[in-house]
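Shared chain: chain A. Partners: chain B in the first complex, chain C in the second.
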Partner chain A sequence: MTSPASSSEVKYLIESSEGNTFDVSGAALRQSNTFNAMFLNIGADGPIPFTDYNEATLKKVFEYCEHSVNEENYSGPKHQDDLSKWDLNFFNEMDQKMFIDVINASNFLDIERLTSYCCERIARMLRGKNTQEMIKVITLPTAEELEAKQKVEEKKAAAAKKVAEKAAETAEKTETLEELPVQQLVQTTRNKLTRKYLSFSNE
Partner chain B sequence: MSRFPLLRLPTLPLLNCIQYLKVFEIIDFSLLSKRTKALVSLVNWNPPDIHANFYENSKLCLKFPNDPGLQWILDFRVELDDELDHNTRVIDGNLFPSYINSALHGLKVFHYLTFPNDEHFETMRKMAEHVSMIFRTPIASFEINQQSDPSTMSIVKWFSTLQPSVVDLHIDYEVTTSVPTLLFILDNIIMTDHFCFNLEESTPDFEYHKAINIPAVILSHSHWITLKSILNSSSRVLILCESNLTLHDINSFLNHWLNGSNPKLEYISIRRSIKRMEENVEETFRIITKDLEIREHEEDGKRPMQIVLHRKATYQLSNSLCYDIVRDDGTIGTFHQIYFARSDDPDFLMHYFYFHVWNKLM
Partner chain C sequence: MNSSFPLLKLPILVFNTVVSNLNVFELVSLAVCSKRLRFQCKHFRNTAVLKKQIEKFHVEFSTVCRIRIKFYPSLTSELAFQVEKLKEERTKCKNIFEDVYISKVWSPRVNQIAHHEWYPLDEPFVSEYSQSVYYSNCAIPAVSSMVSFLSDLFSVPPTSLCLNFDLFKKEEIDQIMTLYCDRQTADPIKQFEMRDAKKEKEETNTELVISIIARQNATTELKLMFKPSSDFQFDFNSLCKTPEFLEFEYSYWINWEQAINMNSKFILYFLRSNFSNSDFKSLVEKWKSGWTPKWKRIMIESCETLDIDSYIIDPIIDIPMTNSACRSFIEQNDTIHAFKFEMKISFAAGEIIKNGYLISRPDKSIATVAVERNRIGWFIIQPDEPDAKFVASAHERTFYL
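For the complex of A and B:
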């Protein structure tokens, strides 16, 4: 974390998936509820790792945050028609891949305003369309993809079951080991008594 | 432009996207696949009031509490309007012609998504199940109009598998119903507000003695309801037309009420059809009030003059020629009776008996 001159000028270092770091103002970063929950009160030593997202995506997300620093507190989504020219340019210059990356990052960082605008933009793709027309706009998983997904889920479930069984087995073994000295003790006592009895009867 | 991989988004933004859609778009989206249906049902909806009306041109009406001036109506029509642009919609893999149009009535807006209706309401039933599931809310109000007895039975059987209770059930009219259908309804569907049944029971000798635990019961042909059934019932409002109750039954009812029966009752009206020469007002009054301590009702402004029949209707009470009986706890029962000539049969009279329960402390 860079040292601040005043609280509004605090700069934070952000680390991307490539390992690159760049500065983001505290004011911009505070639009992220995730950041607020994780670092605001305790501070951060060194760069904040948002390493699930690449530099371009994070820069795009924080570009939006820096821009909306002076906007009023978020009070629900604006209609797309009410977006400013800057907002429209911001969205229009993204390709589909970047747009999806931005939604994912914004969702993780919990930046309400940006996530809402992105979602409303997606909803507009479906606006006024029936089932047939929606299919032309969005990708639905094919039967093969669904089957593959189901297989993955089944594998995951089987693996989880195995882990659970192993855990149960280990727990059982531990139990047996813990019980062993007691059992041994009982057996030893029993043997001694038997021997005593036998020796007594022999006498 | 390449298609958008919407379903690959994380769940929260995905649900957020769905919330921005309008009702018909939400329904269309939910019809795309099992996954989209499941996703739509995850959204935290402000649950709509769903009204289903089975009729020649059936309707499923959705009203959202945050938009009281808007109604979204899935309209199932025998004949589609050829002048409107038809689109094809897919429901459970079957293609249906459909169109959307809107109408403005005063300050209210009605949006229609119209499909063809079929003889057994298959599409309507599927959509009722679907809509109820995606908005995670049961059908509140349920109406069957002008159906044959087998059709009514088929609809109520289907409905009872869909949900155990409904706020109000309204069955109308000009057709008869069989005892099995009537009993099926009473035994299998819990009605939490009112039951309005305007069918003639096809077995005239049938009598019903069990309690009816529906807050408001409105029957256009109630000859099957016995005094025993009324005395056992926990209803708040009973409107019984074409009743077979006798004047002695009414007297017996009043005596039982004085002794604490029907504690929830607020209003009962009984309409009987009798031969002109069989009764006269004085004799009727004498029988009805036998062994009762009655007093002429004095209007002092304390008696509420309107009662809520059910959540959709109120009724203005009359205060002409009323008499009071008073229970030990101070609850007052105000009654009056009136005869009308029957316009359709000059040999018959209509006898109306009204009984209103109230309390000065109310």
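For the complex of A and C:
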């Protein structure tokens, strides 16, 4: 189902990096501010491509969203001690790789509650530690890793610049965002977010 | 999940959310782990909202050098660092900048302290995180490195400096003044305090003292807490800036004319002065006859008993405590120009009893003249605004008389 809707019964199709699709309820999806900004009012024609993230990660993220559909509106970060048994199990059953993927996906989808709980969980690893213990926790990257990361960032920045220029050209031709095809809309929004991220990290 | 986490692999916004969950000491600890972490922690703090959290950034050059940052009111925290000579083996320490070391197990001592010094048992309480940093060669460059690091991390310059001048050589003082007080410095400190540590019979280096006072350019607060010789002189018109608050711990070298004509915008405190009862009386009479000083509040510790009842020649009525802070009550009684009051203020250190008068002039100006323990005299020019609350002040010196 891919029509605009306000009812929680409505299901949306999500596409992962593997090209697989799966259903997510509208109510769960609406916890994502990125989704709200892109699709809530205009609907999606076909599966929604969140193709930077694999199926396992996206399913984990939306499992959290489905679970918290009936919780009260999010009102700021909660201390870990206040988390429910379900929340704790949810976090504890993830390995580190999955946890990082979930944070990244949650950050991109702008799911405040999940991002905040993940961050609080990381902060808890650092809290009360002395510098030596902190260094052990953080696992500082080596010089080679840093260099590689910088190269990737430069490549990404160059690619984002190109896409942004293209998007700007496209935007000139298109009168309103609503008239864009969904795939292009996703790309345009992603570009905007990428540009926001890049300008932020370059400050 | 592992107990380790590759924090630097997180997107910067997520990193910021993580560190927003840490206290200020944890943030400093994280920032000394690596250059990259320092940059990212600085980036997190570099927002207008977080900069506003800093109430005071104090640097003290004394027998033990100290750095203190007060985060208030949105963060009820305080950071306090003592900069000490390295006694341990260097191998037990981590070198964080040139000649600055911290213990490898650097974690803070935490105290709950009251935000208001005068009310140590009353809320709001502030978490004070304190710890030592070490140097092996010289204290001044180590303090400066630590100050620059904190200043860079929290994106604020130091706001307050205390210099115990006779513990340092002339060249060292020169270095300190250049770093924090020069007019060329982008953000010179706003509060300056000058102390000495000499023994009773030692002579003060007058030339050095004058050069320091002339060179500092505090705008908010200037406290001269040293004990000069009785023939010491300084022309306060030569100050680079006019501070809003001026305090003299030993003011016996200042004469009365110099005191009342001083160029402070708001407040003057003269402790251990040579001012007499007749000097204080002349101030009341001068004000009654129409003279208005540049300052708004003066406190003197007189060398003799202040008999303020003898200053008042107008008809007097007693004013109840409830009306002693009220302009409208005084304006209703326009035939009376002196309202007698007694006020008790309780602090943790004791109770202060003020006896005094609210006096008015035909131009509707109102001033308070009051005395505590017979020798502390206050003269306060009250605000002109109809709804403004009347000002009453206290100084801890009263408890020592």
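Operating definition for what follows: the second predicted complex is superposed on the first by the 137 of 203 C-alpha atoms of A that agree within 3 Å, B and C clash if a C-alpha of one lies under 4 Å from a C-alpha of the other, contacts with A are read in each partner's own complex, and residues count from 1 in each chain.
Simple rule for what comes next: contacts are C-beta pairs under 8 Å (C-beta built on N, C-alpha and C of every residue); 3 or more make two chains touch, one makes a residue touch a chain.
Quick caveat, the model's predicted, so the values are computed rather than measured.
When both complexes are superposed on chain A, chain B and chain C occupy overlapping space and clash.
By the document's definition of touching, neither partner reaches A:N54: not chain B, not chain C. Of the two partner chains, both chain B and chain C are touched by A:L126. Touch counts on chain A: comparing chain C and chain B, the chain ahead is C. By the touch criterion defined above, A:N36 lies against neither chain B nor chain C after alignment on the C-alpha atoms of chain A.
In the overlay built on the shared chain, the residue A:V137 is in contact with chain B and with chain C.
In the superposition on chain A, A:S17 contacts neither chain B nor chain C.
In the superposition on chain A, A:I100 makes contact with both chain B and chain C. Using the contact criterion defined above for the overlaid structures, shared-chain residue A:S25 touches neither chain B nor chain C, since it reaches no partner.
Shared interface residues of chain A (contacting chain B in one complex, chain C in the other): 77, 96, 100, 103-104, 107, 115-116, 118-120, 122-132, 134-141.
Put simply, chain B touches chain A in their complex at residues 2-10, 12-13, 16-22, 25, 28-29, 31-33, 35-36, 87-90, 98.
Those residues of chain C whose C-beta lies close enough to touch chain A in the complex are 1-14, 17-23, 26, 29-30, 32-34, 36-37, 43, 46, 94, 102-107.
Residue ranges on chain A touching chain C, taken from their complex, read 77, 91-92, 94-96, 99-100, 103-104, 107, 115-116, 118-120, 122-132, 134-141, 146, 197, 200-201, 203. Within the complex, the chain A residues that touch chain B are 77, 96, 100, 103-104, 106-107, 115-116, 118-120, 122-141.
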